[in-house]
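Some structures are shown below for you to check.
Here come two complexes built around chain A, the first alongside chain B, the second alongside chain C.
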Partner chain A sequence: MFPLSTLAAQALLIGGVSVLMAVMISVIDSIVNNYGDVQLDINGKKQVTVKGGSKLLGTLADQGIFLPSACGGRGSCGACKCQVKSDVGPHLPTEVPYLTQQELRENVRLACQVKVKADIGIQIPEELFNIKKLSCTVESMTNLTYDIKEVRLKLPEGSDLTYTAGQYGQIEVPAYGGIREPSARAYSFASAPQEKDTLEFLIRLVPGGTVTTYVHKFLKVGDKINVVAPVGDFRVHDTQAAMICVGGGSGMAPFRSIFRDMEARGVLGERDIWYFFGGHSVKDLYFMDWLKELAAKYERFHFIPAVSEPGPGEVWEGKPARLIDVLAERFKTEIPRELAKEGYLCGSPGMLDASMEIMRKNGMTDDKIYFDKFA
Partner chain B sequence: MKMTEQLKKAQANLVPGAIVEEGFLGHDRRPLADIIQHDEEAFAEHGLSWDAVAERLKYLLVEGEKGLGEPVTVEGKWRVFVYEARGQFACPWEDGLFHKDSVTVQRLENGKPVGDRLVFNQLCIHMLEKHHFLEGLGSSFRLHPAALRNVLNL
Partner chain C sequence: MSYVDPITLLFASIFTSNIILANFLGTCSFIAISKDLGSSNGLGIAVIVVLVLSSAISWPILHYILIPWNMIYLDLFAYIIVVAAVVQALEMIIERVSPALYMSLGIYLPLIVANCAILGVVLFMEIRNYDYVQALIFGLGSGIGWWLAIILAAAMRKKIDKSNVPAGLKGPGITLITMGLMAMAFVGFSGILRVQ
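Up next, the complex of A and B:
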């Protein structure tokens, strides 16, 4: 058996060596990973000096330039694409699945994966310069259904946010529970652009979803929450073509914004609009009175609700059917084939693909079908 | 069960922020090898087969996708809701990329959902089938063996 003093000396020695190694690692890290100041050239127009060593997405955000990102920079959404004009090394395996062959050839990169180590030049769409990070205050939260909330946010004084109906914002929630860092996800605006001091979102609770769980379980009136906006190019095209709109569940959000905007501009009754909205059961439907009022007020606005499986005891006057089945049926019975049409879709990839297939079968072409995919 | 180098690497990817914000371990502090071994024993106790469970989950995922973003009733036995999210994530074992989605399954009685609720995604099915990993206790996507037996009718 060793005397206690020997054990204590060994413990001290091991502790000392550990501290020495930690110091050495820290020193080596500061030398090896110290990239110093680097020049960041944006679109050949703006040059800034930034501290090297961080990911491009975060570096740009520090400069007030926000690229779209639906996953908060974890390389799992593929949204934060930008063209890199300088050599930053080969594409990483984490980037390749999100890039087309053309994007690979043009050195389009995921900004959340590229580390800024040396002078770097990038090309981004000009409209991204308009995206801001806004510290909003929760003004109200309303349960529209058992799993969809309307979240109304007050914009900070003097924020002067200008956006187009159909665009979206990235809501950032703080670390909570076992989640150690802030998380961000993209949600379409449901408010009209004319409402200058507020933003509205329709947020459906996704089981296991990080941001939707926070919004539904923890967010409350009076809380501060960051929104990066405006983002996206989903919008109504300024033509006289009939609009065939499909968006069930929380996919109503951009259409609520679009219809409110068109009404505010006095153009809602000027072109034919069919809006297909549906849910699984009657309790999944919401804003029905508002949509029925629009249909009653504007002769050319056609509201088509659908319910696929009315729940026990629920009354549904129509025939139970999925939204896309109702869409297919109305193309046969109600929507004139010769009418010039544009498709506007918001929802899951499966719903969008099925809707597009029906639209194609009815003479519509892909270049006239616009969509806001959840995924 | 011994923590192999492969398991050590996987365990590093299971923590919050490495692949997903929440991580895969919930409040479970056991080594990955112990979590897997415990769940293998629980599977045996409940008479569950890894392949049969994986096949049933895949079947329900495919049927649920037909709801196109809304819940559907499958065979009159299950209510399945598939929510598709943007992007994909890597398996902690670094052997594949899987689409982000969230599948919710509940058993039906007289048309109403009853009992345990399973929440999983494509990666969960892969980790169950290939690595016998059901996620840690307290994880949002943890597949409890007893819940699997109760909900899947296996």
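Up next, the complex of A and C:
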């Protein structure tokens, strides 16, 4: 039998050496990564003194300027682009895949990858100054389906949030369970901008998802939760073209906001709209009454639901078909070819790519297809 | 084994028992980085620093912890931790001091952890029972030897780039052959003195 004391001595030895080295690293880190105070210049208008050594994204957030970030700074969404005017070294291999040739020339960087080491000047769109971090209170949580919740948040007093239907907010959740750090993910608003004091989100439980799991399992009515908003450029373009909208599952969120906004402004009946919505089975569908009502009320609003595999015992009036197959079929039978069209898509990358392919085949061009891809 | 004085040991570790050309340790980053002279110089200096520091830290661990506690069989664990920590520290320092070098070394900087020349030198230090001064000198000499070999190879590869290399031998192939020829040239030194 292996003596326990030997085992303990081994553990002590390896642990001791590790601790020694960790101390050495943290001492060096505190010396080497101490960049002191640096000047941050934003758009040549706002100059602030910040502490160097952190990533640009976090440094800006500390200053109350929130660049869009769907992935929470992991370098996997490419949303936090900003043009850097000063020299911060060459592009990193982690940035290059998200940047176009033109952006590379203009020194557009991913703020979550660039470290603030010296005085730095950046150029960001003016509207980003409007993005705020709002401490909201959970007003209600409703199960729309077995895995999608409607979460209504009450905005703090006097927050005066103005946004465009189709934009999104980043919900921040604290560290919980095995997740050591606070996380943030982007969710489209489902509420209409006219509702001044509340925000609504449709949040689907993603197995293993950090934020969705927190929202579904831990968040309660009355809790405080931070939302960084408004972000994003997904919105209805002000033309007379017919809108071909595709958003299955929780991808309905921006369309719920858009349709409610158009209805509130009294313009919902003024252009042709096809909304394709679907799920695997009937139990994945929700807000059906509302959508059918809209279709009945407005002649030019067409609501097309799809179910691919009705579950046992479920009644589905139509033929079972996948959402994108229904989209392709309606292009043949119902949507006039000569009509000027715009595509609006929200959902998973796979569904989006398939929908765009169908739209292209039916004569639509990429510059008229707008989308909000789940990152 | 007879005592080797430090000057001889320094000379021996650079020339006669060169860590890469006599022992063939640390070849992967050697082949990858030697295509550029500037990066070779940078990586060579980084290896020198890592070798000296790893030897400097590993020796006391060996003589004041592993041997008294009778746990020499854990030497690999202890050395690997030391080497990894030294490389991590060096990585932070290079990122601060020379971002250009940091970019050009790329993945090969953290890969110094897996550079067998480092672990090899530390293990030689143990097997050959060096004292502290010898350990430092041997680390320094081996580092200089590795640096010398890689910049010589890089300089040669500059010439090779301009010559007509058979397609199948381009890149690593011709580099390995070059290394072999360099090793043969270094064998010439081994008649001067021999340290094993």
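Simple rule for what comes next: the second predicted complex is superposed on the first by the 344 of 375 C-alpha atoms of A that agree within 3 Å, B and C clash if a C-alpha of one lies under 4 Å from a C-alpha of the other, contacts with A are read in each partner's own complex, and residues count from 1 in each chain.
Everything that follows uses one rule, which is that a contact is a pair of C-beta atoms (placed from the backbone, for glycine too) under 8 Å apart; a residue touches a chain by one contact, two chains touch by 3 or more.
All values derive from a computational prediction rather than experimental measurement.
Colleague: Could you let me know whether more residues of chain A are touched by chain B or by chain C?
Modeller: After superposing on chain A, more of chain A is contacted by B.
Colleague: Just checking: does A:Gly78 make contact with chain B only, chain C only, both, or neither of them? Give me first, second, both or neither.
Modeller: The first partner, chain B, only.
Colleague: When the two structures are overlaid on chain A, which partner does A:Gly347 contact: first (chain B), second (chain C), both, or neither?
Modeller: first
Colleague: Touching A:Arg322 in the superposition: chain B (first), chain C (second), both, neither?
Modeller: The answer is first: A:Arg322 touches chain B but not chain C.
Colleague: First (chain B), second (chain C), both or neither: which does A:Gly89 touch?
Modeller: second
Colleague: Answer with first, second, both or neither: which of chain B and chain C does A:Gly44 touch in the superposed model?
Modeller: neither
Colleague: One more residue to check, A:Ser183. First (chain B), second (chain C), both or neither?
Modeller: Touch partner of A:Ser183: chain B, not chain C.
Colleague: Quick one: classify A:Gly58 as touching chain B (first), chain C (second), both or neither.
Modeller: A:Gly58 sits against neither chain B nor chain C.
Colleague: Taking the two structures together, which residues of chain A meet both chain B and chain C?
Modeller: None.
Colleague: Spell out the part of chain B that touches chain A in their complex, as residue ranges.
Modeller: Against chain A, chain B makes touches at 16-17, 19-23, 26-27, 65-73, 81-90, 97, 99-102, 104, 110-112, 117, 119, 121, 138, 140-141.
Colleague: Of all residues in chain C, which touch chain A in the complex?
Modeller: My answer: residues 61, 65-66, 69, 71, 74, 77-78, 81-82, 84-85, 88-89, 92-93, 95-96, 99-100, 103, 106.
Colleague: Which residues, counting only chain A, touch chain C once they are in their complex?
Modeller: The touching residues are 9-10, 13-14, 16-18, 21-22, 24-25, 28-29, 32-33, 89-90, 92-93, 117.
Colleague: Which residues of chain A touch chain B in the complex?
Modeller: 70-72, 74, 76-79, 94, 97-98, 177-181, 183, 186, 204, 206-210, 213, 248-249, 251, 278-280, 284, 308-309, 311-312, 322-324, 347-351, 354, 373-375
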